[in-house]
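Just below sit the structures, each encoded as C-alpha cells.
Next come two complexes, and both contain chain A; in the first it sits with chain B, in the second with chain C.
The block that comes next holds the complex of A and B.
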C-alpha cells in the first residue's frame, strides 16, 4: 500500500514536471490574428503590488491591440539592473518599453540605454502634456528620452476621529507644521495614544518627505540649507512630533495599513500608499494638503515616464503601446484603477470612486494653495540616488530616533552628502535653484 | 520510576511547546489568508475565524505567473538535482577514496566558493547569460543553483562514501567486478540513502533561492522570485495569501521526506 502511494506521488511529480516543460517553452498568449511584430516586455518600477499589476494587465492594457505585451514589475533596483544589463548586452533583447520614475532615468541615459523619441513626443503635441514635464523628459540633454506617462504626489490623510482635537484656529486644509505638532500633542494629551505615523520601514518613503516637504518648507532649500539654523528648527519640531508618533512607525512601509487598522490617525505619504484606506473607508477619513512651513507649502511632484530602450525587440510595438497609454480614456482608467494622475489634458469624469474623489480634491487643494510650491524628486543623482536617500534617512534616524545632537549629526551627514554631490558632480536642483559646479552643502 | 515519568513528561512537554511555537504562526497566517479583506484589519483578531473567504487567495492564484512559477520551481529544482549529483557525486567519491595532491586544498576551495557573495555578480551574470542566449531560461537558473549547491553536495557525498567500506568494493573486484562495476553494484546502492538526502537538500537550496532566479529571469520566474517580487508592496491580505502559499509546499515536502532527513543525521 505504502509502495503504491509513493509510486503514485512520484508519477504525479513527474507529470507536473512534464507539463511545465511543455508550458514554459511557448511564448505568452495575446495579440490578435494580425502579425504585430515580436512580443515584448513592458518593464516598470511602478505598480508592484499584485492588485495593481493585475489591474494593469487585465484592465489598462486590455484595449491595447498591438503585439503581445508582458507587463513585468519588480523592486526598483531589480528592474533598473535588468534594463542596464540588456543595454550592455546589446542587440535585440526582451524589454520593449520601460515605465520608470523621472529620477531613475539619469543613470540609464548616461549608459546610452534609450532611443531618442522626439518624433513620438511630437505626435502627441495636441494632447497638451505640460511643457516643463516634457523638458524633464530630456533628462538634461537635447533628445527626448522619455514621454511623461502619469504623475503622483504626497499628501496628508487624517481620521475623522482626530478632527475634534484640532488646535483652535487651525484649518485642516491649510495646516502648518507647528499646528500639526500641536494637533498630535493634543491627541496624545486627551486620549493617551500616539496617533501620528511616519513611513519609516526600510521600504517606506520617509526620505521623500524630508527631501520634498520638511526641508524646503522650513528652509526653502535642501542641500544648500542642509545645516542652516532653519534646518535645526525643523529637526527640533520633528523630534517634538516624534513624541506623539506611534513607535510602530519603524515598521510602516505604507501608511494606508496603520490608518485602516486605527493604529494611527494622521500621516503623510505617497498617493499610491494612501489610496487603499480612502477607497475602503471614504467616510471615515479626510484627505488634505501637506502642512506648510515658514518658507511655504512645498510638495513633491512625481513624474513617471515611458522610454524605449535601444535594445527593444519591437520599436513599432512600443510606440503603439505609448499611443495607447496616452489616450485620454486610458489615462482616466489608470487613475480609476491604480490612482496615478493623467499627464495629458482630460476632462475629469464626474463618477469617480469616493476615495479617488477625496484624493483628487486633496491634490487639487494642495496644488492650488496660495503658498504652494512644487519640487521634483532629486534630479541628476543617477546611481548615487540610493546613497543620497540613505544619507537623508540616516539624518532622521540619528536625530529623531536616536536622539543624537542636531549640529553634530548635520555636520557628519552633511559631509557624506557633500561627498555624494562632489563625486557625482551633481548640480543643485529644484528647491536649491541651480549651480555651475557640484551643489554645496551649507 | 518517578524519574522516568518526569523524564517523559519533560520530553513530551518540550516537544509540544516546540510544535506550538512553530505551528501557531502558520495557523495565524492560514486564517488571515482566508479572512475577507474588509475584516483583515479588525483588532483584536479572533483566534477562531468567524468568517471565511477565498477571494484573496483566488485573486492571488489567478495573478499572472503565480501558478506557472510553482511548476518552474519544481523544474529548476529537478534540473539542479540532476546536474548537481552528476557533478558532485564523482567529486565526493574521489575525495573519499583517493589520496591525491591538493586534496585538502580542494576541500577548502570547494567551501570557499560559498563565501563569495553572489550579489556583486548580478549585472555581469545577467549580461553573460544574455549574450549566451541563456537568459530567462529555466536551465540557466538551474546552472546557477547547481553552482551554489555543489560544495554542499561534494561534502555530503564524500561523507557518505567514507561510510561505505571500501573493503566491500575490493571484495567485489576480487570476485570479478571492474572498478566501475564495483562502484555501480556495491558502493552506489549502499550510498543511495545518503545521496537521496543530498538530493533533498539540493532541492531545498534551489526551492528557496531568490537572488539568481530574480536576476536571470523575466517571464519564467520561480515561485520565490515571483512571490517576493510582488508581495513586499502588496496589500496586507495578499501577504498572508502569498505567505501561506509559499509555506504549504515546503511543509508538504518535509512530511514526505522526513525519514530521509533522519538518514542524513545518522539515526538509521
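The block that comes next holds the complex of A and C.
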C-alpha cells in the first residue's frame, strides 16, 4: 500500500512539474506588484480546437506575469460539470478563473458558484466595456457575476463564384431570406449543384441559427411565436432552401471546411467556424451580414465572460489574469489569434490579416445595418439549455430533413419546449421580451 | 490435508481483481442504474425511459444500431478468419501481414472516422481519384442525407478497416493453441486443406470465435464515433444518443437510460453466444 501511494504521489509530482513547465508564462517582471501565489486553473468552454488552445497558452497568456496558470478547455458540458462540482465541494479547489458564455452562467449563479467582482469591474471602468454587456454580466441580479471578456457573432460567407448568380436587384450586403432562397435556387438551376450549406453535424451550430436568426427575423420572437403563422412561413422557406442545399450538410460541423473545398458556396455560421476559410483564401470569398426577414435583420451576439469561483485557490491571481486579458493589446492579440472580438475600447490595428479584416467588416456592417436587431444566446435555461437546443434542432430535422407536416411538428415540439420553460420556470428573454412567469409557447 | 492458508489463498489472490472490478466497473454500473431510475428532483421514476422511447431519434437509433451490428459483425468475423488462416499458413513474410493488419488498432475511433470522411466526402480522395481517372464527371455524393445505402456502406467499410484486427488477434491466438497433432492426424487420413479447416480448425477454434464474437458485438453496440464522423446527424445510434444526451443535451438521466438499455442488450447477446457456441462437456472429452 505504501508503495502504491508513494508511486501515486510521484506521478502527481511529475504531472505537477509538467503542468508548471507547460504553463509557466514568461519570466516574472522584476519589482512589479504582480501576485505570485498558488497556481490555478483557467477553465473555459471556448477555444476547444487544438490550435486555438495552443494560441491561448503560448501567445495570449505569454505576456501574463503572475501565478502559474493552466488553461483548460473541453466540451461545454465537461467544463460546466467540473465548475459546478468544485462549487459543490466548497473550500479551496483548483479552478481560479472561468471564461464561459453568457448563457452558461445562469445555472452556476443559481448554485452560488461565483464571487461578486463589482470591484474588479469598477477598476476597468475607463476601458469602456459597453454598459449593456456589463448588465448582462449581473445575470439578472445585483452582483457583478462576470466581466465581459470577448464577443463573437454569426454572419454569412459567400464564394465570389456565386456572386454572378445573385438575383437581380439583390444587394449582397443587404440580403433578405427570400433573396437568399432565390440565389441558392438560381445556382442550382444554372450549375446543377446544391451550393448552400447548413452546419448540421451533431456538433454544428444549427440551433443558434434557428434561435437567433431565422425565427426572430421571420416572427419577431422565438418561444412566444414558435407556432405562429409567421413561423410556418419561415419553415416553408427553410424547406425550399434545403432543396438547394448540399445534402452532405448533415456532416458539416463548421462551414469553413466545405466552403474551402468548394462543396458549398454559401453559408451562415459562427465567426470562429468561418475564419479559417477567410484567412486561407481571402480573395475568393466575401463576408456579408446575415439576411433579413420580414421582422428585421436579427443577429446573435455571443458574449464570453470571466467569473471568479468562490472556491478559487488564488483570487488575487485571478484578478491579475482578468487585468491581463482586458488589456487592449491582449484583446487585439485574441482577435488576431482566435478571432474573437474585443469588448474594451481599442483602436483596430491597420495591419490586420486580410481574412480578419473581412470578418471585422462583415461584423461591423451587420451591426450597423439599418434593420439590424441583436439578440443574446438563450438566457436563464441553465442546465436545460441543452434540451432546449435539442428541441429546436429536432424541429428542423423533422420538418426539413424528414419532411413531416409543419403544424404537427410545431405542436409536438412546442409541447416539449413548454415543458422545459415550465419545469425550469424560465422567463422570456431577448426577442420574446420579458414575462413574469415561465415563457409561454404560442 | 490442506492448511488454512491454502484454503484462503485463491480468494486472497482474487481480491485485487475484485477490488479493481468493483471500483471501476461495478460501482459506476450501479450508479448508472440509479441515475436511470431517478427523477431530476430525486425519487424513483420511469420517466427517463419514457422520454428515451418517445424521443424522435429512438426508433432510428435502434434500427441503425441493429443494422450495423448485422452488417459489421459477420463481415469482420469472416474477414478476420480468412486473414488469420492466411497468416497461420506461415507463408514467407506472414509476419509483415500481421503488422499491416494491426495498424488500425492504434488509431482512435474518431480519427478513423475523420480519415474515412476525407475519403468519401464530395471532394474527398475517392471522388477526386475517380474524376482524375475519367470514370466520373461529377463527384458522387456517397454521404448524402438521403443516401442511406451509401452512408451504411461507408460506415461498414470504415468499421471493418478499423476493428477487424481485434478479432484477428484473438483468432490467431486461438489458432496457435491448436496442437499440431490434430493436423498431422488429419493429414494421415488424407484430409485436404478445406476439409482440415472445416472439420479440425473451426471446431477447435470455437472458444476463440466465441470470445471474438462477444467482444466484437459489445463494441458494435458501442460504435458511434465513426458513425458521427461519416453520417453526422443522419444516423443516430444508441451509444451516440447516450453520449449526446449527456454531453450536448445535458440530461444525464436519459443518457443513463440509454446506457442501461445497451447494458441489457449486451448481456442478452453475450448469453446467446455462450449458449449457442458454448462448449459442451461431451465435446471436450471427445
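Criterion: the second predicted complex is superposed on the first by the 407 of 442 C-alpha atoms of A that agree within 3 Å, B and C clash if a C-alpha of one lies under 4 Å from a C-alpha of the other, contacts with A are read in each partner's own complex, and residues count from 1 in each chain.
Please note the rule applied: a residue touches a chain if its C-beta (ideal position, glycine included) is under 8 Å from a C-beta of that chain, and two chains touch if they have at least 3 such contacts.
All of these numbers come straight from a predicted model, not from anything done at the bench.
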### Query
In the superposed arrangement, which partner chain does A:41 touch: chain B (first), chain C (second), both, or neither?
first
### Query
So, does A:390 touch the first partner chain B, the second partner chain C, both, or neither?
second
### Message
By the touch definition at the top of the document, which applies to A:49: first (chain B), second (chain C), both, or neither?
### Response
first
### Query
Who does A:75 touch here: chain B (first), chain C (second), both, or neither?
both
### Task
Could you say whether A:261 touches chain B, chain C, both of them, or neither, answering first, second, both or neither?
both
### Query
Looking at chain A, which partner touches more of its residues: chain C or chain B?
B
#### Entry: Touched partner set for A:401, first chain B, second chain C, both or neither
second
### Query
Thinking of the overlay built on chain A, is A:200 touched by chain B (first), by chain C (second), by both, or by neither?
second
### Message
Between chain B and chain C, whom does A:94 touch in the aligned arrangement: first, second, both, or neither?
### Response
first
### Message
Contacts for A:249 in the overlay, against chain B (first) and chain C (second): which applies, first, second, both or neither?
### Response
second
### Query
Do any residues of chain A touch both chain B and chain C, and if so, which are they?
75, 78, 203, 253, 261-262
### Query
Which bits of chain A are touching chain B when the two form their complex?
9, 13, 16-17, 19-21, 23-24, 28, 41, 43, 48-51, 53-54, 57, 70-75, 78, 81-82, 84-86, 88-89, 93-95, 203, 253-254, 257, 260-262, 276, 280
### Query
What does chain B use to touch chain A in their complex?
38, 41, 43, 59-60, 62-64, 68, 71-72, 74-75, 78, 122-123, 126-127, 130-131, 135-136, 138, 214-215, 218-220, 229-236, 238, 242, 256
### Summary
Residue set of chain C touching chain A in the complex reads 56, 117, 121-123, 138, 141, 143-147, 228-234, 240, 244, 246-251
### Task
Within their complex, state which residues of chain A touch chain C.
75, 77-78, 80, 192, 200-204, 246-253, 258, 261-263, 383-387, 389-390, 394, 397-398, 401
